[in-house]
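Accompanying notes for the structure given below.
Order of writing sets the labels: A, B and C. Residues in every chain begin at 1.
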Amino acid sequence: MKRIAAPLLTAAIAGALAFSAQAETYPGVPALEELGSASPALADYTETLVLGEVWKRADLSPRDRSIATIAALVARNQTGELRFQVNFALDNGVKPSEISEIITHLAFYAGWGNATSAAAVLSEVFKERSIGEDQLPPADAELLPLDEATENARANRVDEVYGGIADGVLKYTTEALFRDLWLRPALAPRDRSLVTVSALIATGKIEQVSFHLGKAMDNGLTKPEASELLTHLAFYAGWPNIFSTLPVAEKVFEAKASQ
Amino acid sequence: MKRIAAPLLTAAIAGALAFSAQAETYPGVPALEELGSASPALADYTETLVLGEVWKRADLSPRDRSIATIAALVARNQTGELRFQVNFALDNGVKPSEISEIITHLAFYAGWGNATSAAAVLSEVFKERSIGEDQLPPADAELLPLDEATENARANRVDEVYGGIADGVLKYTTEALFRDLWLRPALAPRDRSLVTVSALIATGKIEQVSFHLGKAMDNGLTKPEASELLTHLAFYAGWPNIFSTLPVAEKVFEAKASQ
Amino acid sequence: MKRIAAPLLTAAIAGALAFSAQAETYPGVPALEELGSASPALADYTETLVLGEVWKRADLSPRDRSIATIAALVARNQTGELRFQVNFALDNGVKPSEISEIITHLAFYAGWGNATSAAAVLSEVFKERSIGEDQLPPADAELLPLDEATENARANRVDEVYGGIADGVLKYTTEALFRDLWLRPALAPRDRSLVTVSALIATGKIEQVSFHLGKAMDNGLTKPEASELLTHLAFYAGWPNIFSTLPVAEKVFEAKASQ
């Protein structure tokens, strides 16, 4: 590792310099220097390897990396790092309405408490940046059109397999998820899939990755993007979660290649 | 989604209105309005879907839902949402002694750090509500009678399978768990099972659900209750943990039906 | 359970009395008394069972227990309990440089957000104890010698199995992990393995334990130490994670015994 000769460079500036040429730190986000007072090596890896190299790799845009990172952090309830990443995401071109909708989506896919903790962080950052409720997706929104045939097939398949065990689960899977949440227009289906897959990988729900990674690719996530997503998430979800995902991803990639 | 025309309605009031007609918010718990400043949709889902509909469904009492929710949050170390839910649980009829004992139980089933973080939240709420140590289960309590035959059979079975790998684990499983913790009278065995199962599902320890869901039903949790528990936890543990639980629950339900 | 007749005994003092005869509490760490205001039983189990008995058991030194506990807490993002355990670790003989390096190691094995949250806690404790950056491992360090044959074999094996799925993952596994991080001298390979295995068990990444527990034993962790590690982690990672680990540990122990 080589240290960049810029002792006052903060994590936020490092990110901003790298991606949006903004030279301001983010309020309430500890500087890279403070990381260095606990671990100079961690500060250096953050600056040179993660922000300075990984985030700039081809095949996945900084915007998509921000979406995946926020999903991972919210799913893992990591509100500390989230404050930096929400600011960074806004600078990387993720819209306030999209971040808001990511939190809403993850209430269902990562748990209500994760979403409410994340909302508290989001609320503060939005205030600091004067982002008002008029920029956020309304509760009532005109939904995207539904592919009835596909959705009915999904519902029937799940009912055949799981009917009678917990019918409330199946009811809300249909009513709240696939006929409501997934059709809300504030987040494109491809991005909603990116959020879902990132959350699953980040929390080690490997047995659910197969369905949602396939769906993500149906929704437009390319194989190079999915592949690079695994590389990116290695840093934010930890290596073990990625190595557990590799064999599942392999099968999904093979299935899609032979379609 | 339809917004209820009550802009000052808070999460706590929404809950209180729905379940105990109490019209006060809880100290330190952010209002539903604040949720709305990050995501109007999340605030609306919380109010109309989760508090306004799910919590009122039949087959599982608000008291049992509160026990399951607290168990899920403690197991996931979600101290933010926990503050609301502890207040809400007290209003739903869960006794202070029971909440205290849930935390103690989860020290063993979810990890010591989860219990100590939760205890800090609990301690504050108890102070705010003037709940003194005289209302809490003492460290030394007369234990419930033990079914020696069943416990010996369990210990022998585990010893046959796992003897010699980590004998300290087996020693404390017997001494600290099944001959002490599980016999403490502050939480009925059925409720202790409800806590354990909820914690396992909420943390994705699916491979341990089979034993404990079976035990929960032996301890008096009915099939409709167990089924509705999965529906409830979908919202607090996230959909993926529930879909991973469904096949395990199915086998337990079948086994119990044929007994 | 028997309460020790010392109502002013704090968690920190209990630990200090037990292990280093130091009679001071740690700044910012709630006293055992406060635990008792939420759960007298939890305070008592902490004092008499965990600190008073488990930490003193043979086969694993207090220093190793501190390393394992810190790894478990960082991997689970439990910054509350971490503050006590970092202080306790320093009193148990873990060097500041080692704790710093554990955090760096876990950035890769548990996720970047876990490491940055932990670094914030570490930074405060280091300030309180006047531990300066001169006592911490530098970003640039002369690396331990690499066993090229073993590392090439590992890289080739992984490439055969996983090549083409996410080549960035394999690239950084080689470049950042096995040819850099694992060779940093601030943490002995045996301790690095202890950290990795503890983190895997604590987060339920059971499918990755086999490789790393085997590697830990190759790096010098004895079978009695590994066995006692499971007993220790039962308390910090929760019983379910340990019971899921037992069958995997059994196979690793058998394989090592027949080598």
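Going forward, a residue touches a chain if its C-beta (ideal position, glycine included) is under 8 Å from a C-beta of that chain, and two chains touch if they have at least 3 such contacts.
Only a predicted model underlies this, so the values are computations on that prediction, with no experimental measurement involved.
Chemist: Which is it for copies subunit B and subunit C: same residues on both faces, with over half shared, or different residues?
Modeler: Mostly different residues.
Chemist: How many degrees of rotation map subunit A onto its copy subunit C on CA atoms, rounded to the nearest 5?
Modeler: Fitting subunit A to subunit C on C-alpha positions yields an angle of 120 degrees.
Chemist: Nearest whole angstrom, what separates the Cα centre of subunit B from the Cα centre of subunit C?
Modeler: 28
Chemist: Touching at least two other chains at once: which residues of subunit C meet that condition?
Modeler: In subunit C, the residues touching two or more other chains are 77, 204.
Chemist: In the complex formed with subunit B, which residues of subunit A make contact?
Modeler: 75, 77, 79, 100-101, 103-104, 106-120, 122-123, 126-127, 133, 136-141, 162, 165-169, 171-173, 176-177, 180, 184, 186, 199-200, 203-205, 207-208
Chemist: Can you tell me which positions in subunit A touch subunit C when the two form their complex?
Modeler: Listed in rising order, the residues are 1-3, 30, 34-46, 49-50, 54, 57, 72-73, 76-78, 80-82, 202, 204, 227-228, 230-232, 234-244, 246-247, 249-250, 253.
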